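Only one structure is covered here, and it is reproduced in the block below.
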């Protein structure tokens, strides 16, 4: 039981059948890898199953009952997600296949001869700013963009405590900067970045700003209008939704100004052999048959999260992370990479164990205790290089986790030390 | 979806044909399905809509919508008819989730079923958007 | 019962629960819109549900039981699909979100400064060849490519019978041509295009060749090695698979030579802040968390199709289309757009009814009889312009359709004529 | 996955340390997890592998795999050991679907469980790929 009033973790766990699963050898499952991908409640799975079985048709184009049922459900999902992140307009919600596609979609809008808007022009001399704590999905698209256009990629460093180092902000974000794209919450450090100082500077110099909110939207109430940035990317599978669905939110006016990304059916207004005109947003960016049932599943996920309450979820995770930040450092040789206090950080803790490779830590935890953590560089290799370590072990918490599971992790780590000691 | 009233208007369109005098003429096309409409408005000095005349081709929904528009707009005022256009647009773009205001819409409420089919919404709106456009030009 | 030996359409229908559905007003469902998107058998839906409920984890990166179960299932799906289309290597199967993404992926490989291979260089003077019967998803990506690079887009015309007009082949495909991309089967006309003469000419001039097989892979045994082309795109939702998953097959050697498309997690080998190296194919083209459960669902779809037999399915559809090509022309004022004989054509028939707009045809069929057809330009507006018509009504058949359903369509069309007569 | 044998080799690596004489030395890195290995081979004229010596750092799987490789390769012939490498590679890349040939693999069969974890396959293969590479250089 959590102390957060009205929040009953045992009741929540019942919605996730896999949490009752017995792994081979009779191990119970202790799932501490939600930062990688979350589990799905029965409500989401059943919504998808019901739709696939009884109501499925292609969206947008069909005039029959099934087509209409799918279209209504798909567009309702868009409404739900728009409301969930406080989008001023539902048309600002673009469905993609994952957060990576959303980030690439924006990157491909720059320096693209198909577009004409000044803000998206890019060439040698122009600058793109990211940070050293980014996920590869918020690094590689910008590297490729820089390679295509000759622009320069620059980045915020990270402090020893695992915070964004904004000391050089004025110089880093300057008149040459066209776009700043950083993580709202780090998938390794847990750090929640403070957006407003960077945004203020971006505005000063006329740069656009994007947030990779893949790790924040699942864990706290995010209001894109309040954040004030231009683009926000997130992904369904980390927020109790299905695989195959991601979201780009963007200011309508910018989405309108951007060139199309993927071309094809549904993103057009009219097509001739030699030219085309494009549909209004969001459809302009949704070429071909979209992930229909996946969007509907994400709608159900948002319903689920709303029913539990995002503030409750955040409070619950804060409790868990505070508990873990107390318990873990008692293990000899354990070093936490990232903030060691439960302030401005989420429920993700990465650490090293002296003399034992994270691969071995993770595998023993799984083999012996059924504890699922992630090990490696978590798609953030530059951050690991910054800390001079090849890899870490990461435990990440979500609404269905308990302090008992953290106890199990601590016990497991002691055992790991015995095996490799 | 095919309310009797829609079929009635399709088979016996009201006020069809382009007439003189007029203040503005517009030509709108729906590229998705090839529907076309030419529409003229004549407005009196006091803001009274004297005539809405039109000609075009397309599916029954787009044709009937033009006919219903003619009936509702002709004889009303610019302001009144614009509020009907607004309510009609809201209904059409509501994806079947909007409760129509029958008092405002009159016969046009028969189109409520169209709202669930995005591909048809543009058909229903063609004449109404053309009308709004024509009014703006007549006053601009 | 079909006359094809061993093929029992009534048994097959039992696998698709929606076919027993009663629509509002007590109408039975007559689903003749599989060319738009097919229905899903319980086998596919249950595979996805089971995976989401009990075995879900992120793929590739996780070292725990769930991660391993998902990875094995996801990669097994790749094996199944590789075998299904005769891919020489499983690594040549790239998962995308739909066929449109697969087509765009290839288009973005051209004229991309990130790439270095001569065959993918593109600029003014270079030519791209498509055809007038293409789906927008095989038109717009090439228009955008031409716009980005200054290359010229050209196309094969279509004959009055709805066949590809290859008379000008020698001139159209020439030394300036870098890529030819055409439909294997038209989604409007039903025409199955003969690939070899065009491929032979492409080889002569050193151009690459892509097939949009979205409408052929679901309906006949396709062997990419036998076809001999360079790239093939198709899509899960049209082949009794889920939404949110598509496939690009490409020759390994070409996939290796192409620059990456989307950047992000999982598509890399190593990342530094200022540059990256990329994973081997297929992963190079699968940035971020892929549509995991959707790929697994597509694997189940392929199992299902194999169990029925692609040759049986093709024969069944041939029977249906022959039946329909006899029955439909008896309706006064009905004009078939496309081949009128069941030779080198699939089970898709588009037509006009004199004096009645296809929107009205489709809606009455649905409203009164529960018959789901597609109306409009079916994302092939240029083809409709070619025939001087704004729209058509399209009936498309699949393994679960019956001649009784074609009878229902004919009855429905007579009624439509009464309503609008 | 952690067979006793793997842990045994990890804790008590066989033949570790770089030795002279050698015909070729290679340095391989697994960028995904930072594993590193330097490996040397010495082959006699008749094709007999006289020594495989190595040093490096990484997880238990990559370290134990190097130790097992040392044991299997040293004293065998180039051809014999290459067929073991081949079988080991096939097992590792088989995603847990491949039945290992114990006669060929000997102790290396203990790594069969690794094949189900793509992220670990590279760890297990690091030393073996380095060995293959070193042999090629020694003969090239």
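Every chain is named by a letter (A, B, C and D) in the order it is written, and numbering of its residues begins at 1.
Operating definition for what follows: a residue touches a chain if its C-beta (ideal position, glycine included) is under 8 Å from a C-beta of that chain, and two chains touch if they have at least 3 such contacts.
Note that this is a predicted model, so its numbers are computed, not measured.
**Q** Going by the average position of its CA atoms, which chain sits the greatest distance from subunit A?
**A** Checked the centroid distances; the maximum from subunit A is B.
**Q** Compute the distance, rounded to whole Å, between the mean C-alpha positions of subunit A and subunit C.
**A** Using C-alpha averages as centres, the distance is 31 Å.
**Q** Between subunit A and subunit B, what distance separates the C-alpha centroids? Give it in angstrom.
**A** 45
**Q** What's the distance between the Cα centroids of subunit B and subunit D, rounded to whole Å?
**A** Here the centre of subunit D sits 77 Å away from the centre of subunit B.
**Q** Could you pull out the residues of subunit A that touch at least 2 other chains?
**A** 61-63, 67, 270, 359, 363, 376, 381
**Q** If you look at subunit B, which of its residues touch at least two other chains?
**A** 31-32, 117, 119-120
**Q** Answer with line, ring, star, complete or other to describe the graph linking chains that touch.
**A** Chain contacts: none of line, ring, star or complete; other.
**Q** Could you please write down every pair of chains that are in touch?
**A** Applying the touch rule to all chain pairs gives A-B, A-C, A-D, B-C, C-D.
**Q** Quick one: in the complex, what on subunit C touches subunit A?
**A** Going by the criterion above, the answer is residues 17-18, 21, 23-24, 29, 31, 33, 36-37, 39-40, 42, 44-45, 48-49, 52-58, 61-67, 97-101, 103-104, 107, 112-114, 132, 135-144, 147-148, 153, 155, 235, 237, 242-246, 259-260, 262-268, 270-276, 287-294, 359, 362-363, 365-366, 370-376, 378-379, 381-382, 385.
**Q** Along subunit D, where are the residues that touch subunit A in the complex?
**A** The contact residues of subunit D facing subunit A are 1-2, 7, 10, 31-35, 58-61, 117, 119-120, 123.
**Q** Would you tell me which residues of subunit C are touching subunit D in their complex?
**A** Spelled out, the residues of subunit C in touch with subunit D are 60-63, 67-68, 71-72, 75-76, 269-270, 277.
**Q** How about subunit D: which of its residues touch subunit C in the complex?
**A** 31-32, 95-97, 116-120
**Q** Could you please specify the touching residues of subunit C with respect to subunit B in the complex?
**A** Per the touch definition, subunit C meets subunit B at residues 357-360, 363-364, 367, 376-377, 381, 384, 389-391, 419-420.
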